[in-house]
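In what comes next, chain A is part of two complexes: it sits with chain B in the first one and with chain C in the second one.
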Partner chain A sequence: MTAYVLRRILYLIPTFFGATFLAFLIIQMAPGDYLTQLELDPKVTPETIARLRAQFGLDRPVYEQYLLWMNNLLHLNLGYSFAYQAPVLEVIWPRVVNSMVIVIPSTLLLYLVAIPIGVYGAVRQYSFGDRLLSFLAYVGLSVPSFFLALIAIYVLLQIKFRTGVQVFPVSGMTSSGFEQMPPLRQLLDIAWHAVVPILVAVANDIAGLSRLMRGQMLEVLSQDFIRTARAKGLSERVVLYKHAFRNAVIPFVATLGGLLPSLISGAGFVEVVMAWPGITPFFLDAIANQDLYVIAGFLTVSLVLLMIGNLISDLLLAWVDPRIRYE
Partner chain B sequence: MERAAPSTGLALALRQFRRHRLAVWGGRILLVLYLMAAFAGFFSPYDPNYYELYPPKGNHPPTRIHFVDPETGRLTRPFVYATRRTIDPVTLQPRYEEDPSQGKFYIRFFVRTPDQPYTLFKVFRSDLRLFGVDAPGKIFLMGTDNFGRDLFSRVVYGGQVSLTIGILSALVSFALGLLLGGIAGYFSGRPFALSLPPKAWRGVGWFLGPLSLALWLGVAGGAVFLAWSFARLSPGRDALSFLVDGVVLLLGVGAVVLILRRVFREPLRIDPDDLIMRTVEIIAAIPSLFLLISLRAVFPTKIDPLFTFYLVVGLLGFIGWGGLARVVRGIVLSVREMDYVQAARALGASDGRIIARHVLPATASYVIVSLSLTIPGFILGESGLSFLGLGVTEPYTSWGLLLQAAQQGGFASFTDRPWVLWPGFFIFLAVLSWNFLGDGLRDALDPRRRR
Partner chain C sequence: MRRALVWMAGLIALAGVASAQTFVWPQRWTVAKPSEVKRGGTLRAAVTSDFRTFNPFITAEATNVPDTISPYGLVRRDPTTGDWIPYMAESFSISPNKLEITFKIRRGMKWSDGRPITADDWIMTWRIHTDKAVGSNSYDSFFIDGKPITLRKIDDYTLRFTYPRPDATAFFVAEFTPWPAHIFGPVYQKEGAEGIKKMWTLNEKPENIVSAGPWLVESYRPGERLVLKRNPAFGEWNKDEAGNPLPYLDRYEIKIVKDTNAQLAEFLAGNIDLMAPSTVDHISQIRQAIQQGRLDATIKVNASPVASSQFMVFNWNKASDPFKQSLFRSEKFRRAMSHIVNRQAVVEIVYGGLGTPMYSSVYPVLTQWVNPKVPKYEYNPQQAAKLLAELGFTRKDREGYLVDSKGRRLEFNLATNAGNAQREQIAKLIVDEAKKVGVKVNFTAIDFNTLVGQLLSSGPDRPFDAIIIGLSGGDLDWPFGSNVVPCKGNLHMWNKSGQCLDPRETQLEALYSRGRTELDFKKRQEIGYRMQEIEAQLLPVIYIAGPNYHPAWNNRLGGEHPDAIISAIWGQRELELTFIKK
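Here is the complex of A and B:
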């Protein structure tokens, strides 16, 4: 086992260098750099541009920039954001925290809702409830998240116009006058703003996860040991939850590690449509500005988390499923 | 009397497919959508880029279709009224009111619009349209955009892009996934020799040998150079920095020693399985939305629209091939060890024949099913990219791009004009239908799921 873990970690090293290099290369391949837009400004002299470019290290060859950046990375320094004039970590971190306000509750909700739905669908296969839930799952799977967000906004605004009651806010993370609120009110205010983005973010994923759970559960229920368990007179409850369910969730343990990078990679389009100050709109801005080290830094952090997450997944899997052996 | 059970696998699959009612409906809806996209000119009442400068029709709501004649109170042929534009004094937004004084404009079918011809499949010129009304009446089934272009016509034309991009990107990613996954699986454990030691220089080897030697010496030189540059550029002068520099230098020297020791004695071998699967891992390691956006940023935003179209196809395909390659590799790995493949090999069949006759057919049903299940993902991907303004550009249009109009101009843009949300329903419908179709195909082609 130890040998396996060590080998996995060793394998991570080339992947890490490969992916960071790929990320760096992609960003560098984009035409121009951060200062290209500044060059269009007639008030900025070419000398200033040249000085800034030297200061940012943008005048060096690409491989030198990469090595320099990698050198800093090994010192746990993600570099410096051009646009914000601050270290990358300081710039990214608040955005990641904002995103987590949506991502963590929606992930919890996802597992709390999707797994019971999947189990229900398998136990009552082809019943009315199963058919309805399956259909809804497909609907959820097929709605683009930005479209769902737009519809949510439309419905909420219509309710507001018709009745004058603002059920949930449709954009942003805080109300006006947020600064003057006492801390508890601030917390409630953010939670109030987060409800709709959380629900929208979870809608797509529930479908996929519950379908998977249903399939797994059906697979397990059709196996011989379930028949044996029933034949020896165990109650249906024990058969379902002690024998079937425990085996059916094993593959999902493998997905737990994948949650780690998704914690920081944000809720995606929902953040863009609902003007949530999370990581996705921020990343889009960074790309538009060609804020090199912000992009590279962010990709690197999510990369590292992904690799750690995969490792954790494998270890968890070996731990819950004694049939899996690594030699 | 019950019919005799169909004997062929295809007939069996077809019968199973028909039993999946949602899948059949998905197929029908897709047929309609694709027909509409293919004959877009016929189904759309107006040219998608046509608008009138005067009187302007920007942000016109959907035209109301009347079935009851207000004078007689009886049912009549459906007709519309022309509209009159006024500017709301408070919001300064245009408002349109029906103007019965200009008379009724009956909806006519198979009308000709000589001023707005179209071409089908880039070949056939025509101006026949399924329905329309006489000028100056206008029929906007789904309203107009801010220029006054008919949204329904634009949705029909947008389908051309949205629906084909899904299929094209799926094909690209499948070509890549099948090829690379197949190579990885089939040649796993049979590494390719990438160099020739001097003692094996015979025949062609006199040419390839020195070439490979030079290549590997170049790689070794590059490693040393990079390691040295790393140490040279090191900004810190503390113990940790020296430690890191030392480790990197050591790694560089180690790589050189390894290469030099191997390259003169025996061929350097690289397992294509390792190489390809590592690449898949690297691509999968970057969050796909961000990878997609970063890759899109490599190309300038304002480029030839047709090129942008193919770019989006290529990018989506490039993002998607990894997972497929992994599965194909798994299938090929297991098929390779099957007795019948071993028998074919024992009979002297070549690699090419084994791949074509035995390995590829084994992956066919999986490929068909996952093709139909990945297409909706690509349609969603394209619409998302276009929604962010990074996908297809004018004069092409797609459902995602049309939906972007809802986002522009703040919330007022779609509380006042909810009809801008229409394209979203088309995305939803297409993706849902593909999902059902794929599900039906999976049930039909997988014997274990039959019921």
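Here is the complex of A and C:
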């Protein structure tokens, strides 16, 4: 086992260099650079742009830029943001924390809701409840989250227009005057703002995951050992939860590794539409501006977390499934 | 006796301070009388992109913190006349040779930390802006044709600006905002540019951000909200006509809302007070909400054009394709192309009726500069066909496109940046209209950076035929672009061979320099009129149209500009004179 873990860690090294170089290359292959947008500004001279380009090191060959950046990375320095003129980690971190306010509760909610729905659908296949949930799941799968967020804003506005009551805020993470509130009020204020974004963010995922869970459960339920268990006279509850469910969730353990990078990668377009100050709008800006080291630095952190997450989920698999063994 | 002397000295000092200390904000800048004004309250606004630094020397965003908390300098413009008036200066004098301007700095002004504002602050700010290693965005504004403008301190309250040549935009340079020498100076002396760049990042404690302007940073939450509070030191020398200190507001909150739909939702819900909607849909939603009584707000639709334009430019440098090169260099061809641009349709379809057609490089909002007598080559397909026939394109081929005697088809490629829906729509309108007169236009939308690369490439053979793009900006002192008009200019987009190809380009270049050095407004205006006439003959760029400005505000605000000065240039209000009614 130890040998396996060590071997896996060794494999990670070439993967890391390969992936970061590829990411760096792809960003650089896009036409133009951070300073291109300045070129159409009638007030800025070409000399100034050339000077800034040299200051940012953007005039050097790509491999040289990569090596310099890698050297910094090995000293745990993710690089410098052109737009913010500040270290990447310093500008990224507060947004990642903001995103987590949505991501963590919505991930918990996802598993708490989707798995029971999936199990229910499999156990009561083709019942009215199953059909209703399936229908809702297809709706959830086919409506993109940004659109759902717009619908949510529309509904909230209509409620406000009709009744004058703001049930939930239309956008943002805190109310105006937040700084003057006592700490407990501040916490409640953020929670109040987070409800709608969390629900919107989780709607798609619940739909997807519950369908998967239902499929897995149905497959397991049709297998021979379930019939054997029933034939032995075990109670339906034990059959379902001790035998069927345990086997059906194994594939989901493998996906747990993906949770680690998704923890920092934000809640997606909900953040843009509902003006949540998370990492998604920030990262989109960075891509639009070609703020090279913000993009590369963020991708690197995600990459490292993904690699660690995969390793952990492989180990977890071996732990929950006795059929899997690493030699 | 001694006592009397002290008393008298005190009186004189008091008189000296009192006479120079205050700047009175004229009543004509607002619709509100000082008697109806209420003090206190919070103004809530929203911006689409986040702030990136508190540092005035490295900030590069259009809406940034330093310019928001302290927007002013020695002089400012009076929005009712457009004239430069002394502001942080109490007076100025121009030397007889017009190369020097001496400013008397207003006495008694203080930084928010209580230190006096003196000539040293301007000198230090200028030094840091013009240090190449700092990389300030204002660097270029301190040079005319590469020659530096210099500042000299005569005494603590006297500053002299020396210009390398007389300059119509001289006050524009002098308008720069001073920053505290006692904060930036010691760091600059010790650590140089690198030290300056590390200062006042977004992690800086708000109380350390020292301002000369109306606002101080109270708090900043990344990606979310900037809260500013009133700077009491500003109110000591900025008063309304009744002598009340300004600004009236206690706080100014700026939310960061990236998506304009979300901004609209916040405005409709009454959570933000200011909005400048730009699409038909947004405007009609605001109007509807107002009409149905769901929102107590005011919107001024089509208040003025915006100083921005969309235009089509042909490439004069196509050595590899002499047929197209001679075509694009022909003014008859360009005039024909102007005749196929249906500007009215563009305004109706692309801007939903909320735009303004354009015919020259001077933005229509700069009313003083627009020459009303300049010929306009309006939409007129028959005229276009006639001009093309004069160029030898008389026959049509089987597909219905014009060909010349050698059988060469009248065809060119047109590009704009992908994702800009307005430009793509304009291009499609042009393609349709061109087809009607028999010109084949192949339209492609390409990546913005690639497009800019093609447009700004130089030499005898450049890689495009025609491009639709826009510029914005526009200056009230001299509305022609220093990068655009001169033949060597970086944005001389039609011809980047490095030299003038048409005698009228040379003429325009000469007139541009003359106008820029002409200090008499009337004479400068005449030069500007003449330039527009030449431009109209030459048509180096075919102007199409630009959007309009539609400011909206929640009626809890008072103190907006009188209607006559609500425009894209002066905005809807002075925040200092804005107050909360309820």
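In this text, the second predicted complex is superposed on the first by the 307 of 327 C-alpha atoms of A that agree within 3 Å, B and C clash if a C-alpha of one lies under 4 Å from a C-alpha of the other, contacts with A are read in each partner's own complex, and residues count from 1 in each chain.
Basically, a residue touches a chain if its C-beta (ideal position, glycine included) is under 8 Å from a C-beta of that chain, and two chains touch if they have at least 3 such contacts.
Here the structure is a predicted model, which means the values were calculated and not measured.
Colleague: Where does A:303 make contact in the superposed view: on chain B (first), on chain C (second), on both, or on neither?
Modeller: A:303: touches chain B, not chain C.
Colleague: Check whether A:29 is in contact with chain B, with chain C, with both or with neither, and answer first, second, both or neither.
Modeller: first
Colleague: So in the superposed three-chain picture, is A:282 touching just chain B, just chain C, both, or none of them (first/second/both/neither)?
Modeller: Touch partner of A:282: chain C, not chain B.
Colleague: Now for A:155: first (chain B), second (chain C), both, or neither, which partner does it touch?
Modeller: A:155 contacts neither chain B nor chain C.
Colleague: Would you check which partner chain A:50 touches, where first means chain B only, second means chain C only, and both and neither mean what they say?
Modeller: Touch status of A:50: no partner.
Colleague: Using the touch definition from the top, say if A:238 reaches chain B (first), chain C (second), both or neither.
Modeller: Neither partner.
Colleague: Could you tell me if A:39 is touching chain B, chain C, both of them or neither one (first, second, both, neither)?
Modeller: A:39 sits against chain C, while chain B stays out of touch.
Colleague: Does chain B (first) or chain C (second) touch A:170, or do both, or does neither?
Modeller: Both chain B and chain C are touched by A:170.
Colleague: Taking the superposition on A as described, I'd like to know which of chain B and chain C A:19 touches: first, second, both or neither.
Modeller: first
Colleague: Taking the contacts chain A makes with chain B in one complex and with chain C in the other, which residues are shared?
Modeller: Overlap of chain B and chain C footprints on chain A: residues 30-31, 150, 153, 157, 161, 170-171, 272-273, 284, 290.
Colleague: Please name which positions on chain C make contact with chain A in the complex.
Modeller: For chain C paired with chain A, touching residues are 42, 44, 49-50, 52-53, 55, 58, 60, 132-133, 135, 137, 139-141, 197, 201-203, 218-219, 221-225, 227, 253, 255-259, 261-262, 265-266, 268-269, 271, 289, 294, 447-450, 452-453, 456, 469, 471, 473, 481-484, 490-491.
Colleague: Please output the residues of chain A touching chain B within their complex, sorted ascending.
Modeller: Per the touch definition, chain A meets chain B at residues 14-15, 18-19, 22-23, 26-27, 29-31, 63-64, 67-68, 70-72, 74-75, 135, 138-139, 141-144, 146-147, 150-151, 153-154, 157-158, 161, 170-171, 261, 265, 268-269, 272-273, 280, 283-284, 287-288, 290, 295, 298-299, 302-303, 306-307.
Colleague: For chain B, which residues count as touching chain A in their complex?
Modeller: Contacts found on chain B: 22, 226, 229-230, 233-236, 240-241, 244, 278-279, 281-283, 285-287, 289-291, 293-295, 297-300, 376, 380, 383-384, 387-388, 400, 403, 406-407, 411, 414-415, 418, 421, 424, 427-428, 431-432, 435-436, 439.
Colleague: Within their complex, state which residues of chain A touch chain C.
Modeller: 30-33, 36, 39-46, 48, 51-52, 55, 83-86, 90-91, 94-95, 98, 150, 153, 156-157, 160-161, 166, 169-174, 176-179, 272-275, 277-278, 281-282, 284-285, 290
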